[in-house]
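Chain naming follows the written order as A, B, C and D, and within any one chain the residues start at number 1.
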Amino acid sequence: MAEFVSLQEAIASWVTDGDVVALEGFTHLIPFAAGHEIIRQGRRDLTLIRMTPDLVYDQMIGMGCARKLVFSWGGNPGVGSLHRFRDAVENGHPVPLEIEEHSHAAMADAWAAGASGLPFALLRGYRGTSLTELGSTVRSVTCPFTGEELAAVAAHRPDVGIIHAQRADRRGNVLVEGIVGIQKETVLASAASVVTVEEVVDELAAPSLNSVVIPGWTIDAIAVVPGGARPSYAHGYYPRDNSFYQEWDAISRDRNRFDRWMQQNVIGT
Amino acid sequence: MSEWTAPEMMVVAAARALTNDDVCFVGIGTPSEACNLARLTHAPHLTLIYESGTIGARPDVLPLSIGDGDLSETAVTTVSVPEMFRYWLQGGRITIGFLGAAQMDRFGNINTTVIGDYDRPSVRLPGGGGAPEIATSCGEVFITASHSPRALVEKVDFITSLGFGRDGRERERLGITTKGPTLVVTDLCTMRPEQGTNELIVENLHPGVSRSDVIDATGWKVRFADQVGETPPPTVEELEVLRDLKARTEAAHGGAS
Amino acid sequence: MAEFVSLQEAIASWVTDGDVVALEGFTHLIPFAAGHEIIRQGRRDLTLIRMTPDLVYDQMIGMGCARKLVFSWGGNPGVGSLHRFRDAVENGHPVPLEIEEHSHAAMADAWAAGASGLPFALLRGYRGTSLTELGSTVRSVTCPFTGEELAAVAAHRPDVGIIHAQRADRRGNVLVEGIVGIQKETVLASAASVVTVEEVVDELAAPSLNSVVIPGWTIDAIAVVPGGARPSYAHGYYPRDNSFYQEWDAISRDRNRFDRWMQQNVIGT
Amino acid sequence: MSEWTAPEMMVVAAARALTNDDVCFVGIGTPSEACNLARLTHAPHLTLIYESGTIGARPDVLPLSIGDGDLSETAVTTVSVPEMFRYWLQGGRITIGFLGAAQMDRFGNINTTVIGDYDRPSVRLPGGGGAPEIATSCGEVFITASHSPRALVEKVDFITSLGFGRDGRERERLGITTKGPTLVVTDLCTMRPEQGTNELIVENLHPGVSRSDVIDATGWKVRFADQVGETPPPTVEELEVLRDLKARTEAAHGGAS
């Protein structure tokens, strides 16, 4: 049953050094506020899972929270590189970063497999790519009906999954609307789940009987954090801050400027 | 001095290859520009699918990310990301996958992962994203690249997305039934795989571009079709629509291109 | 691209003797009108796939359309037996009926696998049941990561999938609302698809960005058939005719009464 | 002559086993009656899930089918059937699976497939539906059955849904970690699996029922717990709520029960 707590309390209760953590939200509803709270609480040695690390993981990696990254596309969308991610991979700064790299299809399937209680996901993927030569993250199974060989990837099963959503009702039922990404899968695949929302309402008022609603009894903690996805967006609440995504290129390119920005905008808040 | 730029010619040439019946899996950048230009000119019913789950998106401005809200609001429907990759891409519903290439070889193999050694890369690129499965699950693949020896290379450091493999035969060997790269559009020319070898050869030169321009800008010993044509220049309408689209985009994104 | 045609034309064009056909709709939007048209056109030797055969398949089986049935629950919901189905299985009347029997979970997964272009579906299912002893419809695969043995069932890939939905727009985009069952999977898993709808509208007016909408370019034929799901229901249009489901028990129990009813209510219309 | 019927006692006794924290996968018939009675009395926050995809349904009348529109309209959300079985049942989100049994043996193995030989059945039953995976994926399983030698038999003709297997050890052997049948409620008594053997033994007799009534109505040589209790009779509230519910249902379905 979802408990309504402060963001500080939610992160303190559910995120511990060394945990496998996923802050998901596919190019929408990215839980920046939760990521910043993890940085403020000084978590270390985290294994971070996320299809698109985006700025939120660039910041967490740059602040030394992560030991390992599991991802499928590590760029600044429409802008270019994630410089803190690159600095960690290319130069081991501020700490070395182990990476486990997938395709989007495999990551999405691994989320669905985790939510489905299956140990692995099956896909017709990775054919002819060098990605299959990187360790044993991609294995294969043979179809017992056709003999076709298909790719297999292990299901995602984080210690805690963290997402941002538009709103929750008093029972903790959460509505996700628009680009729903893998929000539901992240909650259901994770041993524990934390959700930040724009607001709590008496009536969820889901627009459709088939709207994406995550029942409160599948969630451990909910924190009300208006603007909790900025500079990403919350459909129906505020738009994506595209200019900031562009400014981030210059801010993150330089180690000192990055540190200053984090001190001023994340640590010192 | 022509009245259009080379990148504009590239986008226009790519857009012309799309039809009303196509279902296009769209990457950000030039592919997205080309797909939306086609939709706003000769192919109003072209179906655009972005990997964020938006099916039939009709954005008013070019998205900066593949997940901008405009895509969902203008789409026929927005599905979850697992459904997008399972039912729509792997399900074989996409006719054309449209990819940009940071580094590509003569067989259309694309590298968007690393420059240099994987474990000690000189440049760490973003990685595969949707591309590895787009390259093999879509009916065919169109590729855009800015034509330079650093982009079109003799050998890619890493095959992120399969073209025809190291020797042009890999799709056959793996029993992949989709066509793979059938068209490459650069800012200098268009290329298609040669019958038999699957090596990309120059088919059309853009107006004002010479063979030696292409040879100098290509990292492998590039070959030309028996009959090399000239790409028709952008029409007034194509240029107007494209420039309006980019102006609207710039205004909307506060300086984005 | 979906073509708008009459029901008679849709069935004549897309359903042929010997085809593998699925009329789906999980306890909602059951395409009765399409089933009746198949009966009127005298189709034979069909392999019928459907999770819950329900009255629509009881009628088709009783009229001799089917050679084989693939299903997971063959009863009259809340009432009892499907007597025409039982008569075919127990007595081979009017023609012998081969059956391939699954669990709901396996059938649903087989639909999802078909829609996903995969040759088979993976599930943790059938454990300890006698169903695994019936032929080779259930096989097993071993997880290459954990060594766990899981069940595998072949994907559904019918020649034609037929569903009923609330409405379509002029481009053939179809809205399904309420209990959405496996409607989308049936269309996407089938080589060809036919959809009957209550109405065609200028604006689909899907209530949510995430409403279940099946794009027109995935559908072959659409026929406008108001009431096409009766005595099943169409959420927002008309309710389930529960009394008829109860009356069917007596109508279908007796071969002659069944034949009379079909003549009066299906053939002679 | 008591002021309640044996079927009413069965529903009431089953309903009492459910709590506010339970997430219940509900079958049609007695299970649905018991779950909704619990929801309308002592367990208002009990979560009911019907296999049609409705999560958190709060029907005003008992559904005749598991897909009645009322379920979707009163639910927290309605998901697709593949999602229901993958994310919710197989995903391990259900605490209690509630099944009715046409034929059951002393180890809680249920047959809803055939009476007689599978290929030449004397009676063809509906089949498994959701039950085979409900029996193994839910945290525990409650079973209701009308107590007769035809329902509670020495040996089931077919195991549609696994209890503890032919010898009481099958779950262990298969490495199944869920509990399986932990409670059976009939119109005569309640039974629970015996520690060690997993054989169902009588725990409580309903008011007015004798041991010999149970022995005569059971197809196997039924055994009793050391301490056999008596089921508390239905309270006035339980009976009122149940009868109102069934009256509303009858009115709504035009003669359905």
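Some notes on this structure:
Just so we're on the same page, a residue touches a chain if its C-beta (ideal position, glycine included) is under 8 Å from a C-beta of that chain, and two chains touch if they have at least 3 such contacts.
Here the structure is a predicted model, which is why all the values come from computation and not from measurement.
Considering the contact criterion stated above, the chains in touch with chain B and with chain D alike are A, C.
Path length between chain A and chain C in the chain contact graph, taken as the least number of steps between touching chains: 1. Taking each chain's centre as the mean of its C-alpha atoms, chain B lies 40 Å from chain C. We define each chain's centre as the mean of its Cα atoms; on that basis chain C and chain D are separated by 28 Å.
In chain A, the residues touching two or more other chains are 112, 117-118, 123-124, 178, 180, 184-185, 206, 209-212, 235.
Among all residues of chain B, those that touch two or more other chains are 72-73, 78-79, 86, 90, 137.
Those residues of chain A lying in contact with chain D across their complex are 1, 112, 115-118, 173, 184-185, 188, 206, 209-213, 215, 217-218.
Taken in their complex, chain C has these residues touching chain D: 26-28, 51-52, 71-75, 77-79, 81-82, 85-86, 89-90, 101-105, 108-109, 111-112, 123-131, 134, 178-182, 184-185, 212, 233, 235, 239-240, 242-243, 245-246.
Against chain C, the residues of chain A that register as touching in their complex are 117-120, 122-124, 139-146, 148, 150, 152, 154, 177-178, 180, 206-212, 235.
In the complex of the two chains, the chain D residues touching chain A come out as 21, 23, 47, 55-56, 72-73, 75-79, 86-87, 90-93, 137.
Residues of chain D that touch chain C in their complex: 28-29, 51-54, 63-69, 71-73, 78-82, 84-86, 89-90, 113, 118, 121-133, 135-137, 158-162, 165, 170-171, 174, 176, 252-256.
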